[in-house]
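Letters A, B, C, D and E mark the chains as written, and numbering starts fresh at 1 in each.
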Amino acid sequence: MSISFIIISMIILLGAAAAVSFSNLIHCALSLAVAMVGLAMLYLHLGAEFVGFTQVLVYVGAVSIVVLFAILLTRPAPFSPGVHVPWHGRVTGILVAGLVAGMLVGAVLGTPLTSHVGQRVITVKQIGMELMTTYAAPLEIVGLLLTAALMGAVILAAPENGEKKP
Amino acid sequence: MNELFSEWVRRAVETLSEMLRNPDQAPVVGKAFIVSVFPEFLQGVVGAFISIAALISVFGGLFALLTLMERKGLGRIQNRPGPNRVGPFGILQPVADGLKMLTKEDIVPFRADAFLHFIAPVILVMMSLLTLAVIPYGRNMAPIELDSALLFFFAAGACTELAVFLAGWASRNKYSLLGAMRAIAQMISYELPLLLASFSAVLLVGSLSLVSIVDSQGGFMLGVLPKWNVLTPWGFVGFIIFMIGAFAESNRSPFDLPEAESELIAGHLTEYSGFKYALFFMAEYIGMLAISGLAVTLFLGGWHAPVPFLGWVPSYCWFFAKLLTLACFFIWVRATLPRLRADQLMALAWKCLIPLSFINLGVTVFWHYSAAWSFAMALPARWGIAFLALAVPYTFLARQLGTKKTFARRTYRFAE
Amino acid sequence: MLGTGIIRGLVVTARNFLGSFYDRRRFVTVFYPEQKVEMPERFRSFPFLVYDGEDAVRGLRCVACKICEKNCPPQCIYIVQQRDEKGKPLKHPAVFDLDISVCMSCGICVEVCPFDSIKMDKVFEVAESARFEKLLFGKAALSKSNAYYRSVSPADAGETDARLEEEKKAAAAKAQAAAQKKSAAQAQEPQ
Amino acid sequence: MISKTWETLLVVKLLWIIPAIPMLAAGVLALTPRGYRRMAASLAIGSMVLAFLFSCLAFYATMIPLPYSEAWRQSYNVPWFDIGHETVRVGWVLDPLSALMLAMVTFVGTCIFVFSTGYMAEDENFTRFFGFLTLFAGAMLGLIISNSLLLLFICWELVGLASYLLIGFWFHKPSAAAAAKKAFMTTRIGDLGLLIGMVWLYSETGTLLFYDGGFGCLETKALIGLVTPAISGGTLAVTGIALLIFCGAIGKSGQFPLHVWLPDAMEGPTPVSALIHAATMVAAGVFLVGRMLPLMGADMILFSGSSPTLYIVAMVGSFTALFAALIAVAQTDIKRILAYSTVSQLGYMMMAIGVGGYPAAIFHLLTHAFFKALLFLGSGSVIHGCHHEQDIRRMGGIAGSMKITFATYAVGMMALSGVPFFFSGFWSKEAILHAALTWTPSMLPFIFGLCGAFLTAFYMTRMMGYVFFGNYRGDSCHAPHESPATMTVPLVILAVFAVLLGFAGTSFWPWCQSYLTAQRVRFGWEEFLHAWPLTGGSIAMVAAGIGLGWKLYISRPVGGADAPDILETMHPKIYNCLKNKFFVDEFYAATWVRWCGAFASVSDWMERFVWGGMMRGAAFFTACLALLNSETDERVVNGSFDGGCKVLKASSGKLSLFQNGKAQRYLCVIGAAFALLLLALEMGVKL
Amino acid sequence: MIQPLHACLILSSLLFCIGLAGVLARHNTILMLIGVELMLNAANVNFIAFWRYGAWAGQSAGVMFAIFSIAVAAAEIAVGLALVILIFRHVRTTSIDRVDGMKG
């Protein structure tokens, strides 16, 4: 475990924690982007170059933008009554999450695993070959899924007939 | 101690003579020498720092030069001399501009998100500079040789969208937010043709690495014509699509809607002043240079010489010559074309460029497979088929873009 | 065909670019502080007061009638009439202030002046470091000789001078006639 | 002289261009707006002409390797995709069969395309029509050249699709829509057999390529593997596969049990009937059987020289030939007569393959394509001239006003009837009958074929009599008129070929047959003289048919539009039976459709009464139990009821907290349960 | 000294639990979606970690899974946010607590 790993994990964890705890939604989405950049750095650190750059391209370049748009599109009407959030709901959630975290960490630490020490590299060419041979069917299915998701999202979010523009 | 010093001097002299003997590799040799001075564990860091320093100084200089060139060039095109006061022929104008920007008051609007307001231009500049890291500037002169360099370029480019949004949102100004939204919509729309156009080069080379893409463009056809991608049908169309996308991505005229001064004050830049504004300016110019560098790398043969007998000129000179040519083209276009309307902008991207770039990808595949043709008229046949496959859809797409609407003649009513 | 228009536009700008190097006549600008554009005859900047002769005080044509002050749309003129020891008004302004920062160069003061004493200048380089003090021109700063007026706008000045001459002549003739009449009357009276 | 490398490398490797050109045109036409009529027509015809030129090149390439020492066949295979560890490969093959078919399809197609520009000139969906036509042409060409059963099947389905689209081209007519549906579904029945046969073949041989340098499924190695019981697990396999594949051919070529769709398919535009339902697509079944001939005849080894598969093929074919010819005698729709004639002629081809006359079958396929396309186009011209009237009883006497059409139609009629010596149909029919005569297992095909020849001559003469002779019986306001040049020029070209083509396969100079079997063509009168008795017999049959037809329909002009047919007055019962096509459709309606309905109603009855009754019984039983229970409850537990009720209410109130619609509450429980599960697992691991 | 594989796994479990906490404790649907994204990414970290440190040489399944997972996550967020916008149009709020009825 190197210093860079610790720094990267701090970025990821702090970014993630910020993403779920800020009260301003825009700040949350931006923190999510920070966490995603951290994750990309982690992938680079682990040698998965392609995944790292894809992570940035997809999450920072697309997903966080979409989230930001959604936030701007769903701002509550002015003078709407704020939602009263019961404190115990929050505490229960955090407690349950903490419990799960404890269990998971315990499980991980309790499992003997050996780490492979040498460097592992996967080139883009290899990935491309794999995608076109072994993973050809998943690739097609993902393509289909993305198309379906695109159309589904458009149909869902498109204004219905006769609906007045907000 | 003395011996050590004399050894160092001897090696320095050797390096210098090597650099003089082989100017093509001079920067590489020089860097290697400087790095070798430092102890082993520092060498990686020092090498990186040298690259960074070189990049920032060169591109900072280019930025300054470009602002000057832009102002002079625009002036000439409009029959004015352009800036000519500071220094001989006004060449110190960028310095004066910089000083002015530095000394201006930094205004942060009341109720603005101060931190985000500050961080947005920083991220923008950072990401623009990051994109410079993977471009091969000369033989053996890519700062980072990545296997997926093109992906890196676009990943870093994608982050600029976020920065633009930040700038718009953090300003708490409706003009800023509108401008930012426009900018994001435009960037996302034009990223597709940009990516698709560059993928045609990737498809043919079979690698995302910019170094190998440049390497594949070395050599000459028939002894005179360079094997640049732009000199193939798919490469030519790809280059044009790429350049249109590049204009839009760097928010340059005629795609400068996000900062349209006459409609949106200055878009997401409205609430920025002083040095932050200068940073935005710098990011825009560096982004423009970076994307021009990518265009040079993908389509214009990178650092390869255009004619065989000029091969002795150092490779990086060729790269920067091509880069500056493209930058001048940017300025030229800015002086020529008026700004598009928002719907025209989107129609151009989605109805014309994206279909065309898909067709271009198909033509690239055809080109790749028809390379094996060996009969007598193979080359003209390839050209002919590729030309037809591109020109016919182009005429159709272009025709349906042309607006058939005729607007009613405007009438003016003067005060009586 | 999409694209041909763009190319044509590029050719036009390129022609302008290259033309700007070999054809100086294309240039619409001059190197300003060194070179200056010859101002047109009718150019006007701000008003000034004309005096005849050498003495800026006694030669001043202004009689402090305040017509210009009343007619000035932005009201940038301020006039105080001079009075002698007894308080009797004299035909001379004690104070004539003109706020350059307010003046809009409309020239109405010139139109209404019955004495041709206020005229439009051609000096436009009036930038100053202080906004209120230095741009409020007083009588001394405003007074300029008729010779100067003749040098900045010769046609106008010539016309004005000629008319003044005419009037003077007419006045003299009238006076002469009156004198003759008077003398004639005086000559008849003794009889 | 062009070198060997040139032809192998270029022609075979680039054979895919031939189907690709019309396919590309179809793609462009699919995107073309309605208004671009001229562009659509020129694009379609241009693509066809281009494909024809390339086909000529391919045809030429197959002629080069003469002398015919061995079968000239070149195939080129490319890997398509990987499934697991298997690589699926497709390819194309160039041999005399595919070269001949290519040339025929592209040539006839070009003629019909040109004809269509005139025939469809007033149609609103002109561009769509040409889009479908080019799609069909591309798929058909792909079918012809494909060297893989998989690729062939894909193209096979594509031509089926194009046929469906074109039959239902005037889909606003309910009859056209129904016919399209019928055609599609009927052929699907056969295609199911083909698909099963294909899968079976793949599982037995491990390849779907026809020719693969000795490893294809039609080559010796695979065939030996198929017929060797020790390897393939049963002698049934080869016969089963062959018969299943033949099922596909039956469906597509309209052979006996599945012929019902073809006459109905005449609802489509006439050029479509000419191209798809006469000349090319329906012949694909014959082509398939011809292509798979090594497989079809492979069980010959098992059954000591006589193949049961080929026996079935011959029987089905000969029966269809006679059966359809009989029906054609009593039809009154001009296109339907031709459709039944097509079915009959396809039966001839099938029969020829079955009796071992494969080259005769293919030769007949070629000649038939030309003269049947000619006849269909001629009928289209007649229909066009008679203002879209298709009933032959309302025509008549138009020979004078439509001279070119009449002349070309007469050529086609004589070719189809087998008028001796100068018409192509004579020679091809002769070759088939000769093959049938020499077939030892049975004489039935020969007899059926001879009867069919008689009937063919008869019904064609009848049709001529109805259409071109006598008086015009249609609407007197509109006189029939000759069609424009775009329609008559293709007719003339096709007529010329309908005559000339016969000389490529005469029995004294059987060039076509020799070319197909890769033998040197020999000129000699021996064959001709040897077969003279047979020839004389068949000429006599044809003469009898024509003479009878002449006597009944031409020498004595037909009375009026509503007058009964002469045959009807002579034998009303038989005529009625023929007129109703032997009641096959009714038979299907009475059997299959009825059975399906009956099965559905049986299921319904079962649902209603048996399962429902059981349910009701169970419910009744439960109700009884409940009654008993309530009695007990009333008496025994009444005292403690209130208390129990209270407890229930309280606990349900508590329980309802878990079902409150708050997603996060649910998630919390899930998370907690997950944590507990992990805990349990960890403890378990520790223990 | 803790093994690198363990470190990665602990990082991913913590990330997962932060996402879980976000989903459980926050009432805004968009924030819940952000939490789900974090959880998905925690899974991705596991894939990459096992690819990098696992004992099975020559396998690229981890990287492939991560790539597919990113694609699926992109689809998920698109549809999820479309749903959120749709719900917002009906009930004018993005709070999950208000979305407890089966009727719009």
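We adopt the following convention: a contact is a pair of C-beta atoms (placed from the backbone, for glycine too) under 8 Å apart; a residue touches a chain by one contact, two chains touch by 3 or more.
Just so it is clear, the structure is predicted and the values come from calculations on it, not from any experiment.
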item	value
Shared interface partners, meaning chains that touch chain C and chain E	none
Where chain A and chain E overlap in contact partners, by chain label	D
Steps needed, at fewest, to go from chain A to chain C via touching chains	2
Distance-maximising chain from chain A - centres being C-alpha averages	C
Top-ranked pair of chains - ranking by C-beta pairs in contact	A-E
Computed distance of Cα centres, chain B from chain A, in Å	30
Chain B and chain C, separation of their C-alpha mean positions in angstrom	57
Centroid distance [mean C-alpha coordinates] between chain D and chain B, Å	58
Centre distance in Å when chain C and chain D are each reduced to the mean of their C-alpha atoms	103
Touching two or more other chains - residue numbers and ranges from chain A	50, 54, 62, 89, 92-93, 96-97, 100, 104
Two or more partner chains touched - positions in chain C	none
Residues of chain D whose C-beta touches two or more other chains	664, 668, 671
Chain C partner contacts - residues on chain B that touch it in the complex	73, 76-81, 84, 332-333, 335-337, 352, 394-395, 398-399, 401-402
Chain E residues within the chain D interface of the complex	20, 23-25, 27, 96-97, 99-101
List of chain E residues in touch with chain A within their complex	1-11, 13-28, 30-31, 33-35, 37-38, 41, 44-45, 48-49, 51-55, 57, 60, 63-64, 66-68, 70-79, 81-86, 88-89, 92-95, 97-98
List of chain C residues in touch with chain B within their complex	1-3, 6, 9-10, 12-14, 16-17, 19-21, 26-29, 31
Touching residues on chain B, where the partner in the complex is chain A	116, 146-148, 151-152, 154-159, 161-162, 165-166, 169, 184, 188, 191, 206-209
